[in-house]
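In the two complexes that follow, subunit A is the common piece, with subunit B as its partner first and subunit C second.
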Partner chain A sequence: MTAIAARLTPPWWLRSNAGLIGVLVLIGAVSIVGATVSDRFLTLGNLLNVYEQTTDLALVSIGQTLTILSGGIDLSVGSLISLTSCLTSGLINGNPDRVLPVVAGVLALGTLVGMINAALVVALRVHPLIVTLGMGAILQGVTLLYALGPVGRVPRSFNVLAYGRIAGIPIGATVALTLCILIALLLRYLPLGRQIYALGDDANSARLVGLRRTRILMFVYGASGFCCAATGLYLAARFGVGQPYTGVNYTLASITPVVLGGTLLSGGRGGVIGTMFGAFLIALLNNLLNFMDVSKHYQLVAQAVIIILAVSIYVERRRME
Partner chain B sequence: MKAIIASCLSLACLAVTMPREAMAQYAGAPRTFLFNPALDVCIRDTRKFKKAPPYVIGFANAGLGDSWRVVGLHSLQKAAHDHADVVKKLLITDAGHDDAKQVADIQDLVSRGVDLLIVSANTSQALDPAVTQATERGIPVVMVDRRVDSDNFVTFVTASDAMMGRLFAQWIVEKLNGKGNVIILGGQAGSSPNENRVKPAMQVFGAYPGIKILDTVYSDWSPVKGKQVMQAMIAKHGRNINAVFAPHGLQVPGAIEAFLEAGWKGSEIPPITSADMNGPMKMAIKNKFPLLDIDYPPAMMGTALDVALKVLSGASVPCVYTINSNIVLTHGDETPSIPKPDMYVEQHVVADGPDDMLVSGGMGPGYNPSTFKIDYPH
Partner chain C sequence: MSGSVEIASQVAPSWSVRTVMTRFGIAFALPLLLLLGGVMSPAFLSPGNLSNMLLQFAPLAIVAMGQCMVMIVRGLDLSVASMMATAAVIATGFSGADRDVASIVAMAMVVAMAAGLLNGFLVTKRQVSPFLATLATMILLQGFRFAYTQGAPSGNVPPFLRVLGSGKFHGVPYNALVLLLLAAVLGVVLHRSGFGRRIFIVGGNPVTGRLFGIRSDAVTIACYVISSCLAATAGLILSGYVGLVDNWVGQGYELDSIVACVVGRVSLRGGRGSILGALIGAAIIVILANEVLLLGIPIQAQLIIKGIVIVAAAAVYTRRDGS
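Showing the complex of A and B:
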């Protein structure tokens, strides 16, 4: 009997993330609609195209998932993406020799900004929402002090990050997927991972059992900053140039895949695998709407409908449990 | 007697409509190409893109949002309708002036298996890698109206900003006999259509020491703001204003209203330049002041489809395909550089059309952008 029960139990990555079923169902539904719209929709070529277009949203949302899991949120992501993207192209400025140092520097800067967020949350005892909102405003200001318009350029070889493929597999998206799997494993198998869940689930209990909140938040917000920097690098490669407002839409957009993937906004439940699928669902949906010749304005409406649908599926499941 | 007048009128109407029809049917090399004094002109060999019809053509549009782009889109749809025998599908995406969306649109169109891409780039730098990637994948790209920075496309369909700017300026100089005060009634400061027309104009004005630029003001392409800034100019300079250089017609109706309301009798209004818009021509006919209109025709979007079909048939095309701009003038305002315009305003104006209508879309009589609908393959 136990053996049967064990066999029927879904794998950990599915079990730890009940909302994942919702997002998979929605991906299935969008795929079926797509297949009826065009016989090209479900081809490998188009699915790889969608996978490629998942990259930016996946990267930023993976970091956002961690902050939400810990019971917080990071509203500085959009500005940090703008800043890192501008710095990438502004500092490289077409010189291939500068690529490596600038990439390393930008990733370090992103991580540092995230850790400053965490330090402020701890030191000021202010909700992350306020701290990161303020940090976002500061970073946007700094970005505009650095560049009022498109700045610098990246060498052609750098575009590989956004457009390059190895054996047909998009490089950028695979980097995001690898990062996602690493963080999923960390959340699952390292004590730090479980502590993030514990902190998000009940901060008071976490404090009572002696969890080191500062350390956890440093990691969570540092990782979010790192992910923003990676997104900034990716966008600089995708557009060939940094733009001071390039990240502005990502602040709220980064929350959508998290919610779609079944992570509770109040923290403590969910995971990055669901977020990855959530980002894929959004890219797939936008792709479908393009196939259906639906205008950009309806695309926003459709995204909102999907979010509400996904959340209601999740709520329904929780009620049944 | 009535019958004679009626028949005379109908004959006159016929004469008025004929040149436009004749021009619409002209499918040869653009006049700017024929007039180009350079010996060596970049020509693109397109034999490698040669394909048997029918074709699936994608159009990644930067966005709509002003009447020029709406008419342009309609002219493209009309061209697809006219070529339905070889165009199997025209797939159109609208990026809403968002670079990120347009990059994804281009990738999606490639994924949908287009034979050729027409792109009007939202910004020249940020769309460059995406256009370059499509080209590298072997998709011929025809740019229209707005290009990308690199040359990684087959051809760029456009009209000549420089020709507009220089000819506008030269005509003003000649109308003023080389001596007088000019107001530059700009569009949007820093925007490429503004800068690319004003700069060549300044090269011409600069050659005439008697020409003085009183002020350069900006209207943001709006007739309302055009009126406000011209009112301010009239208050400041009064009758010292001898000519108005406007790099497009969008703001011009407001400027003319400002003159009329300030008490300038119709024919006292100084020579003024315009493009594409119906309103200034109607006002010039009614008030009898000198007007030079050189179009920047949204019909270039339809031309882009014609050029696309040339590319797919393997015919070589110029690397920059500059379409013909009509030179339209009020009667009696011919000058040595424009001894005879392509048309007089009476032939170009749509007398019963609204002021904000663009007359250079090549859409034929009876066209109304707000009700236009055409069945094109998609």
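Showing the complex of A and C:
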């Protein structure tokens, strides 16, 4: 009987990467449609543009992947992005000398806010959904107390983060990709990485074998906060100014690439590489719809349909296991 | 263990002082908050201000009741705000005269039912997490709305809806009367009917429900449909209150309705909650928001207070349940 079961189960590379294969198939499908729509779609120049447009979503979603893998979720990302982007441009205020200290400070602040989320989850024993929802409201309030409209400005040199290219390769997106690879290695090879999966898969067993939940969550939510701060910096660089509502859509948008990349919302399964491809898929899809002259409004519909298709198909896989 | 005890306590509520305190203790926060407001400013307790608060209370309370039913079946409905805005856009989609009110209501309800069915279908038949399913529906509705209005909604809200949303009858807002009617019906359905009992059983433990021969999926789907329809109702009312429509009528109501339910002791884990709790939670939010204004605190601080309230309420309840 086990022999039959063994023969029926898909090979290991399919099993552990099924989500990844799904997103790659979707990317392939969008590419084929794109190639038939326009000759320029599959050119290197256009693909590099899409890669560049992936930056913000990729950055937030990498952190979000970690919180979801650990069995939680971070709903404070949008407000934290707004806050950090406002603080970046507000504190730099056009002065190139302040860039380095402010960037360091903003990244530290993001990490700290994430760690406070983790501390509240542990200390109050409240579901992360509620804690980060509350934290999101608090941070949005703080952001609006700091600035009711666009605030400050960043020096021209700071724009490099968003528009700069070295030998044609966009800098911002490459920073995101590097971060993604580092975290993927951490998840795969460091004990802490394995512990994140263990905690997300079965919190009770993780406790019984003596995993230190506090430490794991501190890392996971701290990393998510760090990623939000990085996104805030990127957006401040892109728009040249911080806006108090700039991050509002990212809270929910950050979850889409994670799910598209094959990470289960219930935790314990998935990875950041899939998320990176998920973010790329969304950027590619929007790019395709632009080529097809589809109005911005229908792009939302297309995105929702893709989400619904993806999550419905993945369920089949979960049942099979 | 807790599941079966839960069901028993819901089916046959005991009315000892202790159970009443644990279930509705939060209700005592209401008079305290009102008193606090009265001390801060005499204008707070004036009939005019109270009636205005009631006016703001009704739409939120209507949405919160739907959110409550979804939460009892272990769900979450993030699409309510999007549904409200969609209903509001529908309200201005016709000629703007009273003869179209019936068509508007019918149209809004059809869209709401479709959205609720989609939510319920994804959650039960495809086992998508409620968070994700309703998120997708939220984006879908938003997309259709933007595509329909091309980003710039125009048109007028019929006078009937305006009166319903902002008019008062001897100081009592009409929308509060609508709320009263809906609350009475839903209260009976949830707490006094066989269907309501099934909702609690499915929420307490879906497997037990199936063993009892309850069609868990149908019950869950019904809850999502009810929530969408209530959100659409609130959207129509709010469009009458605002008078003109943009694409974001009702923005923030998904957060507020969840906060209201958590404060009103509806459990995120399902199986526990009450219509009364949702109403009390919504009332607390409205009163707090009003007091923040009275104190002269910047209006942005409302968000901060909401955030603290939801986390604190959840923390207190977890501690008390000892889970």
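The rule is short, and it goes like this: the second predicted complex is superposed on the first by the 299 of 321 C-alpha atoms of A that agree within 3 Å, B and C clash if a C-alpha of one lies under 4 Å from a C-alpha of the other, contacts with A are read in each partner's own complex, and residues count from 1 in each chain.
In this section, a residue touches a chain if its C-beta (ideal position, glycine included) is under 8 Å from a C-beta of that chain, and two chains touch if they have at least 3 such contacts.
Since we're looking at a predicted model, the values are computed, not measured.
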Could you tell me if A:74 is touching subunit B, subunit C, both of them or neither one (first, second, both, neither)?
-> neither
Mind working out whether A:45 is in touch with subunit B, subunit C, both or neither, as first, second, both or neither?
-> first
Where does A:295 make contact in the superposed view: on subunit B (first), on subunit C (second), on both, or on neither?
-> both
For A:150, decide between first (touching subunit B), second (touching subunit C), both and neither.
-> first
Report for A:259: first if it touches subunit B alone, second if subunit C alone, otherwise both or neither.
-> second
Based on the superposed arrangement, let me know which partner A:240 touches: subunit B (first), subunit C (second), both, or neither?
-> first
Classify the contacts of A:162 with the two partner chains as first (subunit B alone), second (subunit C alone), both, or neither.
-> first
In this superposed model, does subunit C or subunit B come into contact with more residues of subunit A?
-> C
So which bits of subunit A does subunit B touch that subunit C touches too?
-> 295-297
Touching subunit B in the complex: which residues of subunit A?
-> 38, 40, 45-46, 49, 52-53, 56, 150, 153, 156, 159, 162-163, 237-241, 243, 246, 249, 286-287, 290-291, 293, 295-297
Enumerate the contact residues on subunit B facing subunit A in the complex.
-> 91-96, 98-101, 103-105, 107-113, 123, 125-130, 132-133, 378
Within the complex, subunit C is touched by subunit A residues 73, 120, 124-127, 129-131, 133-142, 144-145, 148, 252, 255, 259, 265-266, 295-305, 307-308, 311-312, 315, 318-319
For the complex, which residues does subunit C have touching subunit A?
-> 78, 122, 126-129, 131-133, 135-140, 142-144, 146-147, 150-151, 255, 258-259, 262, 268, 298, 300-311, 314-315, 318-319
